[in-house]
Amino acid sequence: MSADLTELYQQVILDHNKRPRNRGRLPTANRVAHGDNPTCGDQCSVYLRLENGKIADISFDGSGCAISQASSSLMTTQLKGKDAAEAASLYQQFHQIVTTGEAPEAISDLAAFAGVHTFPARIKCATLGWHAALNALKGDPIPATTESRLD
Amino acid sequence: MSADLTELYQQVILDHNKRPRNRGRLPTANRVAHGDNPTCGDQCSVYLRLENGKIADISFDGSGCAISQASSSLMTTQLKGKDAAEAASLYQQFHQIVTTGEAPEAISDLAAFAGVHTFPARIKCATLGWHAALNALKGDPIPATTESRLD
Amino acid sequence: MPSWNTVRDDFPALHQQVNGHPLVYLDNGATTQRPQVVIDAVSRFYAHDNANVHRGLHALSMRATAAYEGARARVARFINAAAPEEIIFTRGTTESLNLVAASWGSRLQPGDVILLTEMEHHSNLVPWQLVAARTGAKLRYVPVTGDEGKLDLSVLDQLLTPEVKVFAFTHISNTLGTINPVAELCARARQVGAISVVDAAQSVGHMPVDVRAIGCDFLAFSGHKMAAGTGIGALYGRRELLDAMPPWQGGGGMIAHVGFFESRWKPSPERFEAGTPNFGDAVGLAAACDYLDALGRAQLRRHDGELARLAYQKLSALPNIRLLGPAEEERGGLVSFALSDVHAHDVVTFADEDGIALRGGHHCNQPLMHKLGLTGTVRASFYLYNTAEEIDVLIASIRRIQKFFG
Amino acid sequence: MPSWNTVRDDFPALHQQVNGHPLVYLDNGATTQRPQVVIDAVSRFYAHDNANVHRGLHALSMRATAAYEGARARVARFINAAAPEEIIFTRGTTESLNLVAASWGSRLQPGDVILLTEMEHHSNLVPWQLVAARTGAKLRYVPVTGDEGKLDLSVLDQLLTPEVKVFAFTHISNTLGTINPVAELCARARQVGAISVVDAAQSVGHMPVDVRAIGCDFLAFSGHKMAAGTGIGALYGRRELLDAMPPWQGGGGMIAHVGFFESRWKPSPERFEAGTPNFGDAVGLAAACDYLDALGRAQLRRHDGELARLAYQKLSALPNIRLLGPAEEERGGLVSFALSDVHAHDVVTFADEDGIALRGGHHCNQPLMHKLGLTGTVRASFYLYNTAEEIDVLIASIRRIQKFFG
């Protein structure tokens, strides 16, 4: 297996893909958003409970490749407790990681997605769940789509 | 001037182009048809007086290149006195001349158009007046067009 | 003159390494590769005969017109149309189908029914949705039986009622590999007075296709799926239908007369070819027809079919795999499958590491996927240059993928 | 890197004899020739990177997608669009204009007015007639002053009333050579709340064109009139207008979701690119942009303009000739004329004997011809590879023709 591919499918990613965290419909959710990737048919729904402007609880559901499943799963673990501004800033960092391969210092497990940047067609997979989460935070009822041509 | 071109613009043709016979609107006409060549905008109207199934008189009008003008002019001189069947048969011969360059024996001035066959794009010019005349004979009010893809 | 023994030499794109492995191109359902003779035919045309067609009387324009109209006659012959005038050049299958839906479809009325099948490609589905929304006609679907991917013809009688004005269906499903009984379907359409529209994107370059034997009213296909370039394709239509249809696009070349406030149209095919046509790639399409006929389309059909059967059989032996499409002998040159533990995209990315080009996703068959409870499949689709050895490379790669994710 | 000194060497089609004479290609208004670098760019793409775009995750498909989207970005830069998303690839100017007329135009209503000019090409006229017939909108025309071929802007105030919803006009007239004040016309359209549509078929490959400086809402052009292949062109549209427009053609690649009975669309540009696009020729179009920019479009404009002035001046000295278009300095790279004793077709056939490629006829401007009392003209249209010597060859040929028919 090539170095690039090993870098793409890191152990963290394979682990989150096999045993996704916070998967399923959150019964107490007060916000929800759906995302889809029309190119491949992948779908992701993100459910949140917002309390005092912070994400008190979060889950995701849907279907997609290992990258999108693992990314959504890992995302839920990172977003719990954050407010909208923190979530947006975390997404900025994540977006930088998947598009450039450069991880800011002291960043968590998200750095596992650095390998995505050598597979540009997979960036949309990695960001699908994040788009849905940010839309859910905005209370935006429109389906998120990674077909915005901007990731 | 090349042999092909001299052959195309024979003296007969130049003469008919310069001094067209039977040109203008025939006041006594009881049949008329218009033809156009959409590709170049050329137009031809043919006026006939049919008497007892024969062309008692004929004229043409319109605008077009030397080939189409001369062809219409010469045609009027050939069709006078003919009935529909004779006209159709004459057109068959003319069509053969302009498409193959082979003139049946004992054919009149029409053979002057043999040079057209080396200029396939000009076949439509040579047949424009004929189409109008045949349509006028049919009493067909629809404009003749040489854009039928069949000449 | 191409020969089956040296056929791979004809295709320059096949001779490259991808990720350190020889390219195994199994994405022919999306687009085929072009042989050098086709690439050269277009280059040579541009280097020698290039000029605009139809409206020109100078030497180059006459040569270009002869080449373009010659290509039309060649394509007509390729599918046994009655006359070159029955061939309208388009960008491809999608534009061909949009043309029929928009132009012929403009006569549809509320109460009329458009009958499609559940296995249609989005390109033979969305244009009809658009015309249905405009005219008030309704859509109806012939069901697909399930994973084995046959049309359920037992209910055709109920569906093909006199309200049906159009019956549009694919010849070969690009996802299932099913070959539909198109001649029978056209005959059934005729019985109720409906026109038949055949999406031949996956068949024309892969097998003998004879529009008069099929008895269809319209048939659509793409050059790029039959060894020619992109940007060219054709709509076959029966002459009397075409001549009775209103124009779709307006512009230069399709008019008999233009006034400021009214215009008249030329007959078919010009009526439907507004603007400068893609004569460069039409020349390439004619070269592709020559190339495929020299190999022989019956042999081509045999070749693709055998590879598909071989692939189906070897894939069936793998664990945790779900195969779509007919299990028996007769199938188009492709196989489509889903692994239960690995998503289609991960399969495609891993296979690419082994130099294998596959396609993963819904293959523009979203509603069918949804019906089958899938979001996508992996598809391996074959063409004349693929080999049995390449299927072994594919199987070995899938085994490694299953192991990695297992 | 092309250079003006050796520019003719770049175009293989120029180096041939026609009827025993060196080809003098003066039919660039119909289509230009392609430089070898453009021909090669397409051939090389097919030989190395060919695969279907967008939906693929394998190496070739990713390369093809990068090439296609790179071409879009290159074309956007060529006309200074704000973003690549504002470029929709089409077959050419005609399809671009049909797209605007059909999609944006679907919102027109009885009482609305479409304002055109009397010098429009059929491709910027018939699509509006078709949409007017469908929607009940009315057509209105800005008059042309006469043989000198200017728009009569003195009546624009009367014509450009609040009922006008669309003002569509050509940048450079393909028959008159007139260069219209497009920025001013766009500003005037904006004042009454009309959208502006610029037919840039004759300008984009011949001079610097900046859509933001012009201030247009839509702009249409063809690759084959700017040194690229046939089958490719573009529609520029302002993003917010495009995203508010309904789709025109339906099919693969333009959908966000497809169900059996309803679908949702992607945003622009995908919404308007149903089916496999002509990615091969898009790559060629990008190469043509590179080629033209390396020469410099301001120099190109100067070159074509100087040839046109020279030709106009020398033709004016001939007897029995009627010249169309503006007499002063500023004109596009073409001249159009009628000899009083020789029909345009006879001129073209005779000139062809001297190896000269001209065009004779109505140039898809029938209503204008009719207004001017002409059935056709002869047109000599220039491009970057034409020379002053070629104009002398043309003049000598016309003299011989006049003598023969005199």
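Per-chain numbering from 1; labels A, B, C and D assigned in written order.
Here is the rule we go by: contacts are C-beta pairs under 8 Å (C-beta built on N, C-alpha and C of every residue); 3 or more make two chains touch, one makes a residue touch a chain.
All values reported here derive from a predicted model rather than from experimental measurement.
Asker: Just to be sure I understand: going only through chains that touch, what's the smallest number of steps from chain A to chain B?
Answerer: 2
Asker: Using mean CA coordinates as chain centres, what's the gap between chain A and chain C in Å?
Answerer: 37
Asker: Per the centroid of Cα atoms for each chain, what is the distance between chain C and chain D, given in Å?
Answerer: The separation of the two C-alpha centroids amounts to 31 Å.
Asker: For chain A versus chain D, what separation do you get between their C-alpha means, in angstrom?
Answerer: For chain A versus chain D, the centre distance works out to 46 Å.
Asker: If a residue has to touch 2 or more other chains to count, which residues of chain C qualify?
Answerer: 19, 55-57, 61, 255, 257, 345, 349, 360-361, 366
Asker: Send over the residues of chain A in touch with two or more other chains.
Answerer: 39-40, 119, 122
Asker: Sort out which chains touch which and give me every pair.
Answerer: Chain-chain contacts present: A-C, A-D, B-C, B-D, C-D.
Asker: Quick one: in the complex, what on chain B touches chain D?
Answerer: Residue list for chain B touching chain D: 1-2, 4-5, 8-9, 14, 39-43, 63-67, 69, 119, 122, 125.
Asker: Okay, in this complex, where on chain C does chain B touch?
Answerer: Listed in rising order, the residues are 54-57, 61-62, 65-66, 85, 255-257, 266-267, 270.
Asker: Would you mind writing out the residues of chain D in touch with chain B in their complex?
Answerer: 19-20, 342-346, 349-350, 353, 360-362, 366, 369, 375-376, 404-405
Asker: Can you check the complex and tell me which residues of chain C touch chain D?
Answerer: 12-13, 16, 18-19, 23, 25, 27, 30-31, 33-34, 36, 39-40, 42-43, 46-52, 55-61, 91-95, 97-98, 101, 118, 121-123, 125-127, 129-130, 139, 141, 222, 224, 229-232, 247, 249-255, 257-263, 274-281, 345, 348-349, 351-352, 356-361, 364, 366-367, 370
Asker: Which part of chain B faces chain C closely enough to touch in the complex?
Answerer: Residue list for chain B touching chain C: 36, 38-40, 119-122, 143, 145, 147-149.
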